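Which chain is which? They are A, B and C, in the order written, and residues in each are numbered from 1.
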Amino acid sequence: MEWLLNRIQGGKAVRLSLTYGQQKKWLGFLFSVPALVLLFTFLILPVGLAFVYSFMEYNMLNPQGKTFTGLSNYARLFQDAIFFTALKNTLYFSVLVVPLQCAVALGLAILVNKKVKTAVIGRVFFFSPVVTSMVVVAILWTFLYNVDSGLINSALNFFGIPSQPFLLSEGQAMNSIIFMSVWQGAGFQMMIFLAGLKDVPETLYEAADIDGANAWQKFWNVTLPSLKNVTGFVLMITTIQAFRLFIQPYVMTNGGPSDSTKTLVFILYENGFQFRDVGYSSAIAVVFFLVVLSVSLILKKVLNQ
Amino acid sequence: MKKFSIGIMFLLFMGVLIGCSSSEEASGEDGGEVKLSLWHPEGDTSEAYKEIIKEFNKEYEGEIEAEMTFIPRGNKYAYEDKVSAGATSNTLPDLLALDGPNVANYADSGIIQPIDGLVENQDDFVDSIIQQGTFEDQLYTVGPTESTVALFYNADMLSEAGIEPPKAGEEAWTWEEFYEAAKQLTDKEKDIYGVNWTLDYGEWIIYFTGPAVWSNGGSFISEDGSAADGYVNGPEAVEALEYLQKFTEEGLVNLQPTPTEFEDGKAAMMLMGSWEWSKLQNYPDTEWGITYYPKSPDGEQVSPSGDWNWGISTSTQHKEEAATLLNYMMNKENVVKISEVENKPAARHSSFEMMEEWEQEPLNVLKDQVLNSAHPRPTTPSYPVLSTKYGQAVQNIFLGGDVQEELDKLAEEVEKDMQRKGQ
Amino acid sequence: MNRIWKKRMNKLGVSLVIVLLGLLFISPLLWMIVASLKPETLIFKDMGLESFLPKQANFDNYLAILFTDSVNFLKYMWNSLFSVGMIVILGTVVNSLCAYALVKLKFPGSGFILVVIIALYVVPFESVLIPLYVVVNSFGWINEFPSLIVPFIAEAFSIFLFIQFFKGIPNELEEAAQIDGANPFQVFWKIVVPNSKPVFATAAILSFVTHWSDFMWPLIVATDESIRTVQVGIQYLFTDNNIEYGQIMAALTLTTIPVVLIFIFFQRYYVQGITSSGVKG
């Protein structure tokens, strides 16, 4: 590493004459350059292109024929009933899934952070739905949710509750997807919480033990305050992920019944790829971006307080 | 520390790669030989095509060299997405395979070109293939194989119930007869359904329910392709879907079947594509049969059609050579070769005649449908919207939605898309 | 004595909860493995809990996918391992350095960049797919390995994740090193990295998992057999007609193994950070 530093700063003499503060500025810039250049080329640039496309009539199969049409895609968007349905569904999903998934993930993380031999097995098991192919997940959950022979309905019947239609019902399909998503996704957040738990000083728990605190008091007075930063982060990324819901309804319900599981990214994909309407799809993307960005910034403000 | 330096070096190396690789340009010709590229979805036919291309290259050595790329298709629209990306970057191949219903959309977008007069022995193709490949009175594509949907049945279960399925097209079950049979065969105690039909979300729904609409005298769009309102939501279409809805409402069809419900003896009949026959051969313990797609009491017996086709892209520099290759792939012998791989109906009369087992029961039913009752899906640039939204509407209908209401909504969506495309 | 007993019972209880809950989570994976060992005709015949019994178990499905002439499964696997491995290695380096620079080296403009990075995480990949294709195509990378790797090295999510954890590293540690004459890079390498093993492990695991399952992008940029990834390579099993579920399950099982191994490999870095030994808090 030294050689690099020397090169950049023109030899040892210079290096010696730079203060730590000056080095910080230089290297700070240098360290972030690779990431920033890559982000610019492969994310900011495409986002910019999408923004431009949103003002165009652009058939994906005929890129030469694209023409500027001003705000017409946006005008169409705000008259499109499906867009508002998708917006509502996405919000509904996010509001329910974020607290649920974060709570489950935290619970699992605390469980597998315990000093027991099964902790490692637990980590692998709880994380496994994240790595299991959506094909398998969809097949199995369709079985579980089956009206006639599903395991969940069998369990309900056992307790005297009549069978529920789940994915086949306009009223229950989204809730069924929420339940499944929590199960599938919690392992992801669990890993972040787990990394956070490893930073909680052991001494704090020892002190709490001496004070005679019970498990709940330790959780409330030691664990949670120490995880403040991490929890804020997890809430934020879970919210953003929740807004991007697409693959579950795409595979399991195709947006139905009666559009009840259509989300913003679902209609973005449908218009862009199935209907090949790049312009309209890009307009949805731009609005999506603005909505989620404002939600995240509000969330960040709230969390900072 | 050392590892880290290696990382940095690698990054620099990548930077060099970025700089260099863009200068490489593919050249179309090499020593006077014309190079042709082809795209086809990967699948069972890949091997047959590889062989055909190999023979072609041998025969035209020094003149034309063809190379076919097989693109994974997945269960939805992966291949179409790849074509879209190819169009975006102007990197489409000379010859392009496409699914039947896409012909109009691709032709209208200008990525495939008319091939009128270029196809050898055109009259030998079955009518439905030519209809499928035609858009605004011009021929754009031809394909080696056809497909159809028929009623497969568990012969053991039917004979036990004393039901005799029809053996000739004129005797095909009417809606009422089919409904009665399904009702009789449904056994709720034993969890056996009268009929199985897949509720796959892709292209399948419009493909397998289309004949009910057509047989009843209805259609999806007007003949000139300019209107949907009054057609897809017209009385004939509404009646057809209300008829199919009876099956799901009364529990004659399982809304959440396992993928092998019919094969496992949990359903007595199945409305399925012609390819089902090869799958049934894995279940030799049961006797299987095939009969005609049921017809409306007021109409003819109709079956759906359509399969993968070949079109010549507009970006090709070598239309003539592309046509030579197209004709080579579509000659009588090669059509047989491709058809036999997936046990598909051939799209050429002369090839079909060479395939003897299609003369006998039960495959003769499929052949009869292909030759005499095949109906292509609508050709309109708005097809992607029509097919997707129709699928979603039918999904709602099977779950108990109001037929007229669902189809009205659909008609409105399709009309809007047609107006936009018409601009 | 009593206390030791209580502690033991406590541990046993926790273990029991972990295993029972764990089974709920791992059941689809188990089902997949069982189905991959069954003959095609039995996979969907058994319903409910019975479907988890490996009846007539054999390896035919595995042999079928590993030894077909047209499909080079192992080659696809290697392509995936190589490209995803590169993303993870380079990405961890690039993203952690960037995060460290933004949090600890605060150069002019770093605050603004931070907001931009959060904003970038919001972008759904589906919306930039086509524009990204246009960009990558202009570099001439279609059907070349860089198309699978370079666009995904820098990742807003990873940078964001590293930032959160680097924030918690006490400045005292750095200042101590600084007095010893270390430059900012040495501080990063000798203080920050060793104290952040869990977050490096998390970033690596999550990045590997995300890109391992990528399908749409590799399909569109990598049609050439020589760089085809395994998720794309197994799609031939899903063609509309005659889907062989047994082979699909076998292929999915094989593609899941590397992820699980990577996970097990990295999870041992979930050790107590040195920072928590008292400096903080």
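Throughout what follows, a residue touches a chain if its C-beta (ideal position, glycine included) is under 8 Å from a C-beta of that chain, and two chains touch if they have at least 3 such contacts.
Everything numeric in this text was worked out from a predicted model, so none of it was measured.
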Identity of the chain that, by mean CA position, is farthest from chain C: B
Of A-C and B-C, pair with higher C-beta contact tally: A-C
Chain B and chain C: spacing of chain centres that average the CA atoms, whole Å: 37
Cα-centroid distance, chain A relative to chain C, in whole angstrom: 14
Multi-partner residues of chain A (each touching 2 or more other chains): 1, 34, 60, 143, 149, 273
Residues of chain C engaged with two or more neighbouring chains: 47, 94, 130, 134, 150, 189, 238
Shared interface positions of chain B, touching two or more other chains: 1, 4, 11, 81, 84, 88, 258
Chain A residues within the chain C interface of the complex: 1, 5, 15, 20, 23-25, 27-32, 34-39, 41-50, 53, 60, 108, 111-112, 114-137, 140, 143, 149, 151, 154, 183, 187-188, 191-192, 194-196, 198-204, 226, 229-230, 233, 236-237, 240, 243-244, 246, 265, 268-269, 272-273, 278, 281-282, 284-285, 288-289, 292-293, 296, 300
Residue ranges of chain A touching chain B (in the complex, touch as defined): 1, 4, 34, 57, 59-63, 65, 142-143, 145-149, 167-169, 254-259, 270, 273-276
Complex contact set, residues of chain B against chain A: 1, 4-5, 8, 11, 77, 80-81, 83-84, 87-88, 90, 105-106, 109-111, 191, 201, 254-256, 258, 384-385, 388, 391-392, 395-396, 399, 401, 417, 423
Partner chain B, residues of chain C touching it in the complex: 40-41, 43-45, 47, 69-70, 89-90, 93-94, 130, 133-134, 137-142, 144, 146, 149-150, 189, 215-216, 219-220, 223-224, 232-233, 235-236, 238-243, 245
Chain C - residues contacting chain A, complex: 11, 14-15, 17-19, 21-29, 31-32, 47-49, 51, 94-95, 97-98, 100-102, 104-108, 110, 113, 116-124, 126-132, 134-136, 150-154, 156-157, 159-161, 164-165, 167-168, 178, 183-186, 188-189, 198-199, 201-202, 205-206, 209, 212-213, 238, 248-249, 252, 255-256, 259-260, 263-264, 267, 270-273, 275-278, 280-281
